[in-house]
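Each structure below is given as structure tokens.
Two complexes come next, and they have one chain in common, subunit A, joined by subunit B in the first and subunit C in the second.
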Partner chain A sequence: MKSLCNREGMTTAFAMVGGVAPARSPKPILQNLKFVVDSSGSTLMATDLELGIRYQVSGVRVDEPGAAILPTARVQQLLRLSTEADLAIESDSEKVEIRGIRGKWHFAAEDPELFPEVPVFSSKNYYVLTSADLRKLIRRTSFATDTESTRYALGGVLVEFREDSVVMVGTDGRRLARMTVPARVHGEFEKPEGLSPVIPVKALKLLERNLSDDDTPVHLSIVDGNSALVRTERAVIYSRLVEGRFPRYQDVFPNHHEARVGIKAGELLRAVQQSMIVTSDESRGVEFGFAAGELTLTSKSTLGDSRLAVPIDYDDKPLSISFDPRYLVEALVVLDESVQVSIDLVNSRTAALFHTEDRYDYIVMPLTRDS
Partner chain B sequence: MRLGHISLSHFNSTSFRKIDQIIVLLLLNSRKPSGRYCTSLDTIRAYTILVDMYTRKRAVGHLDADCFYVSAERVRDPFLKGKPVGVLGNQGACVIAKSYEMKAAGVKTGEPIWDAVQKCPDGIYVKRDFRWYETLSRSMLEVMRRLSGHVEYYSIDEFFFVAEPGPGQSFQDLAVAMRQTILEELDLPVTVGIARSRTLAKLISDSAKPFGAKAVLEKEHEEHLLARLPVTEISGVAKRRAKRLLPWGIASCLDLAKADRGLVRKLLTATGEALWWELNGEPTGEIHSARPRHKALSRGGSLGESTADPHRLYAWLVRNLERLIEELRYHRVMPGKLTLWVGYRDGIPGEGQTRLAVPTDRFDLLLEALRPCLRRAWRPKHPANRMHLIAEDLTDRDTAQGGLFSPHDPRAEALADVKQRINERIGRFAVRSGATLPLKSIYDDGANGYDICDVRGKICF
Partner chain C sequence: MSRMGRIQKLPAAVVNQIAAGEVVERPASVVKELLENAVDSGARRIDLAVERGGKDVIRVADDGRGMDAEDLPLAFSAHATSKLQTAEDLERIVTLGFRGEALAAIAEISRTRCVTRTVDAETAIALEIEGGMHGEIKAAAGPPGTVVEVRDLFFNTPVRRRFLKSDTTEAGHVSEAFQRVVLASPNVHFTYRSGGKLVYDIPAQASMRERIGIFFGQDLAEDLIWVDSKVDEYRVYGFVAQPKHSRGSSRSQHFFVGGRYVRDRTLTHALTEAYRGLLMVGRQPVAFLTFEIPPDDLDVNVHPAKTEVRFRDSQKLYALLLSAVRHRFLGTDLHEKISAHGLGEALPAEPSNAGDVPNVPGTVSPVTAASEAGEPFALSGTVPDRQSVANWFQDRPAPSPHSAPFRGVPAPGPALPFGSGARNGSIPAPASWSMAATSAQPFQADVDEFAASPIPAAPSSGVPESAATAGETVSQDPAPPSPRTFRKAVQIHDSYLVVETDEGLSLVDQHALHERILFEELKLKIRDGGVESQRLLMPEVLELEPADHELALEHEATLAKLGLEVQDYGAPTLAVLSLPTLARHVGAGDLVRDLIDRFRHAQADPEPDAMLNLTLATIACKAAVKAGDPLTPEEIDALLAKATHFAHSHHCPHGRPSSLNFSKSDLEKRFGRT
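And then the complex of A and B:
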């Protein structure tokens, strides 16, 4: 294999792909990246067998097609420290050589054939959505998951496919985030059978890094009911799905509300953040008092107490409800400050529903008060 | 800083407590309604208060009962006085406390009963009774609270207190008077140490045992004492930390006190630096009149006879869980995280951990969460001899996070309440899970009905 790589392009590729290679593995070859060059282009790959990525590297001149195994951390270091514009990467059965104008480095060669295959995107039926929308789906749902859950498959985000949309749902059992974005089917719409797929958070984080905030189309497909494949502009990402049962989340949506209030996301976020200042691990609650024209946030702990009034457009009956403010902050920071949030309330013991016009729903259970 | 014509640099400002500093600052900044600063008469008054505060006799005391469990047995059975006595622990297997007479025969704490009998065949061995020890411990606490305005219930037989001698009384007089009062009122021998900090007070009382009463407040006397004590005598410096200090020539408590503070911090982190300040007579921790909130609660301990039987191990888990729930409900807290630790005879432990979907103290939900933990902690065919169940991330029961998928179950909650009420009224374990049946012999032995960890309110285990 012989190639001449633009160092900047290679550095970007390593940054996107390197995180997938495990630092330690019973299969040591997985700690490396596979670099393949041929007439169709050049691809950098990594996998830990649960998650895999194929990334198209830009700025590569192919002199002789072939593949090489590159030690992740060392080559990444070399790319960072080098000042050369281009680096030649060549390999044979004995060594990998990386060469610039002023220096060269040799690494022991490993057989590229031993590197596990990272699946290619070959689905004929898949969903097409914009990169920005998929990014929004991930940002607005993945924070609400719980990777330590043993009872349910909460370590990932549930994906539901509809004829004209894709829905993602993340929950840790205390709050739940659901986002819907438009999507179109390429090929035939297949009514999903069995359990809806749950994509692990780790895969979604990797995917998010590979997405831009524009209308570039992204392709999403579930393969054999056990893995997800996503094709972005430059990458194909493969992930095994989370095993286990996702709870029946539809049941937790309140079917009515006693009061509704509207407020700008940024305004509510700042109020909650200010009220959090005197909360502690032992006393986390912030009490939200909704009354005519005013929302009062009060908190009290051994550190002190606070009271904050926010003018709101509210004319329902007075209502008081306590929340763990962290759960609100995490949901509000993923929204634009100017987004109008509607809050549906029932009583102090029932979940509150926050929703926006762009089909985002967030449910939080309040803190109970048994005293 | 100047107050009138008296320079406050005469005083060591670090000696003032915060409240004293606030009062002084208030006095310094007070203005007459005319807008002028204090008159010389006001200044003199302020100075008098200041001097009074600074010269007030106040120090830290440590009171420690001498071989407490044995002494407690002697209170109710004076026949045991002057004789070698050993108190036996869990199921009578080990000596957990001994009299000085038995110590002289070579018996060590933690020694199996069969070895102890060899060394001290004339010894009298009695089974532990923590309910009785607690009764006496609380009586000691009551007496202590009468003698000092601020008492910390540190452990079942140890107390820290603010030592404030009465008019005409020295610190030494106070130490002797406290020791004498406890002896006269409760028939318990104790040792009292008084010093400038907690660490110094404890070192002094430890070195004055048994039945000692010693107040050391002069630097010279402190240094004399510290020079004789190895660093491992300090509570918080065990072998590993001592080993870290040794290459720097720090072997005695005095070496540590004289060492460079930065070096101590580097070697022993911030907790080590706190000890350095304490050894130099600057208190770093307050006397807690009430126990600070628990970060974690745990129940467990020795299984007595080791077992490889999974049913018996499960029974122990259920027993420990019921005890843990009792404690959680008492403190009105619910855990967010549970850890199950199982110790095995070959020394290799097993552990399982789970984070709960929502904090709860319900038996059925906690047991459901713990079953996979036991599977992870279980090492088939290996005899287990210890188990600990630890509840962390404690949140107030009164303001607990609700769950989306754990609906309110009034029936299960009513059942838990009934169980708690019956046990409170009729006796502990009167209603318990049927899964504990393999441990019938444990429940039949009344000595297992109450443990040291059931003595509430103390700071230390």
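And then the complex of A and C:
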């Protein structure tokens, strides 16, 4: 295999792909990346068998098609330190040579055939949504997951396919985030069977990094009920689904509310962040006191206490409820500052629902303090 | 031949045999009775010898008053005693024995020979009794005093004899009985031979600590903490052991009342409370404590063996013991010490055996230094709180209870040894200091004695300052006993911290320390109005063992108080509706199961407060950094800084030590620098 690669293109590809290669593995070849050059396009790939990525590298001149196994960390270092514009990457059965104008490096060769195949996107039926929307789905739900959970499949985000939309749900049992975006079916709409797929957070993070904030179409499909494939502009990402059952999340949505408040996301975020200053790991709660025209946030811990008043548009009966402010901040930072958030409340012991116009729902269970 | 069922009066011998069963259970009971008689006779030296664990021979020789020919046969008949005359005397018993039962009972079930001689008599006299049948009194040879020899115990009650255990076991019981009498009777020379071998030889002048050392080992003797406290006419003094010396049962708790070893649940419980959080679960503290109680307030005539007594005011005694021990712990460095040559540091001073510990029978309520000094804070009729005890420690002659003794004029007296460096340098040295303030680290402890009792800045009205309220827990003390300053610290093996301290070097178990800190923080929080609890969107459903399920529901209220709301989902399923935020590192299942486990192993009727502590310990344990967790320097600093805020940071809530200390001088010794 012989190629001349643009160093920057290669660096970008390494940044996207390198994270997937495990640092340690019982199958040592997985600690490397596989680089395939072909006249139809050059691909850099990595997998840990749970998660895989094929990334199209730009700026590669193919002199002789073939494949090479590149040691991830060392080549990454080389790419970072080198100042050359282009590097030649060549390999035979004995060694891999990376060569610039002023230097060359040899690495022991490994047989590219031994590298496990990373699936390609071959689905006929899939969902099409914009890159920006998929990114939004991920950003607004994946933070609410719980990778430690052993009882439920909470270590990922539940995906629900509808005829015209895709829904993602993430929860850790204390709060729940649900986002809906429009989507279009390519091919035939398959009524989902059995359990809804849950995509692991790790895959979503990788995916998020590969998504631009624009209208570029992205293809999403579930294969054989056990894995997800996503095709973006440059990459194909494969992930096994989280095994296990996702709880019946629909049950936790409050069916009525006693009070409703509207506030700008940015305003609420700043208020919560200010009130967090005196909370501690052990004493987390911030109390939200809703009264006519004013929201008062109070917090108290061994560090001290704070009190903050925010004018709001509120005319229901006074109500106070405590939250772990972290839960609110995590959701509010992924929203645009100007987004109007509505808060539906029942009482101090039941779930509060935060929702926006663009079909985002966030349910948080309150903190209580029995004394 | 009489028909069955006809009621008839039993012959005296049978009555005695039946009664004997109550007093004499095994050879050790005989040993106890004979030794106590010997002590009562005013002996200065008592020799005990047994063969085959006392089954064959028990021999007790004393050099006491002895008996004359008139008294001797009476001594062996029932309800004959020299120790009281009228029923009123029962109200104020000052001797160990008084019922006049023991010797008769023993004689009934053994072959007993008694040789005795009063000081005035020219010769000794001897009496032999076999199975209750008295022989003739004969002249014999012997020194002044009494020798009682009991052979073939239970020879005429074969059932009893069959129930005796092996020689070794019985000898063990004899040893225990011997130890209890020896510990209760200072100033008497005791020897004990078993099977011809000298087991113990306790000289009269051996102090309490030395006696403990002989019986239970030097290690323990060196780690004893002197306790002495008095409220009204009640006083407790003696030793409690450092928490690292714990036992699996309460047998090592020696309580002496009126020179008598007693067992008492109230006292055991008070002691356990005082050690709460310092011992691992299921371990019992070791203690040697003498109680002085006015004879009027005490009923020893509960059971022939007299190991049970009744107190008129057991609550007062409970509070006295609890506060005395707790207070000492506050002022004592309980950190584990590693010493250079296996020897402890300077041992705490203790009252010399002769004068200050008058627990010879007959002096149940001696006048103590403290009562001479007056008791400005004796809150008569109320439970003594920690503050009053603390005040007592620095007590000094005070004109009246209403004149705020320490804040005023410095009384004549030696200046404090640590001078102006101390927090309250102008405090006059207390009169009873040498007795009260004893600790492995005198200097440190001294400072803390004061720290434990905040001194008002300005004289105020005559009301005694009593900042702390009864029942307040130790951890809330504003000033920790060992304000160690940490200067440099590194983590090793991701598990331990090596810390430079003012005194030398500390090795800290990061998990144990963090656990203790979290535990104390939790306690504070609970006091400050409840634990914060995160409600769950979806209840966590747990499948439990049916017994566990029941236990969990039984303790539902305790769980709720901890922010753990559970609901019955139909046995054996339990739904968890909320979790304490502090336990967020702990899965609901783990937490609940662990707590249930603790509920199960708790005492028969656990106090809610104790259960709460157990629960907090569980949460703390789960939430604490584990051995193997790497810490950043900032985390290490934060951890160590917090440690100085809590009084019990030297032990994790389960009682494991959290740090080992090497003093600078230890290090110097080891490196041969001195």
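Here is the rule we use: the second predicted complex is superposed on the first by the 370 of 371 C-alpha atoms of A that agree within 3 Å, B and C clash if a C-alpha of one lies under 4 Å from a C-alpha of the other, contacts with A are read in each partner's own complex, and residues count from 1 in each chain.
The working rule: a contact is a pair of C-beta atoms (placed from the backbone, for glycine too) under 8 Å apart; a residue touches a chain by one contact, two chains touch by 3 or more.
Because the structure is a prediction, the values reported are computed rather than measured.
In the superposition on chain A, no contact is made by A:Glu163 with either subunit B or subunit C.
Touch criterion not met for A:Glu357: it reaches neither subunit B nor subunit C. In the superposition on chain A, A:Leu367 makes contact with both subunit B and subunit C.
By the touch criterion defined above, A:Asp146 lies against subunit B but remains apart from subunit C after alignment on the C-alpha atoms of chain A. Of the residues of subunit A, those at positions 148, 150-151, 171, 173-176, 247, 252, 282-285, 322, 324, 349, 351, 363, 365-371 touch subunit B in one of the two structures and subunit C in the other. The residues of subunit B lying in touch with subunit A in their complex are 293, 354-355, 357-358, 369, 372, 394-406, 408. By the touch criterion stated above, subunit A contacts subunit C in their complex at residues 148, 150-151, 171, 173-176, 247, 251-252, 282-285, 302, 322, 324, 349, 351, 363, 365-371. Note for the complex: subunit A touches subunit B at residues 146, 148-152, 171-176, 247, 249, 252, 282-285, 322, 324, 349, 351, 363, 365-371. Taken in their complex, subunit C has these residues touching subunit A: 518, 521-522, 524-525, 529-538, 540, 560-561, 563, 578, 581-582, 587, 589.
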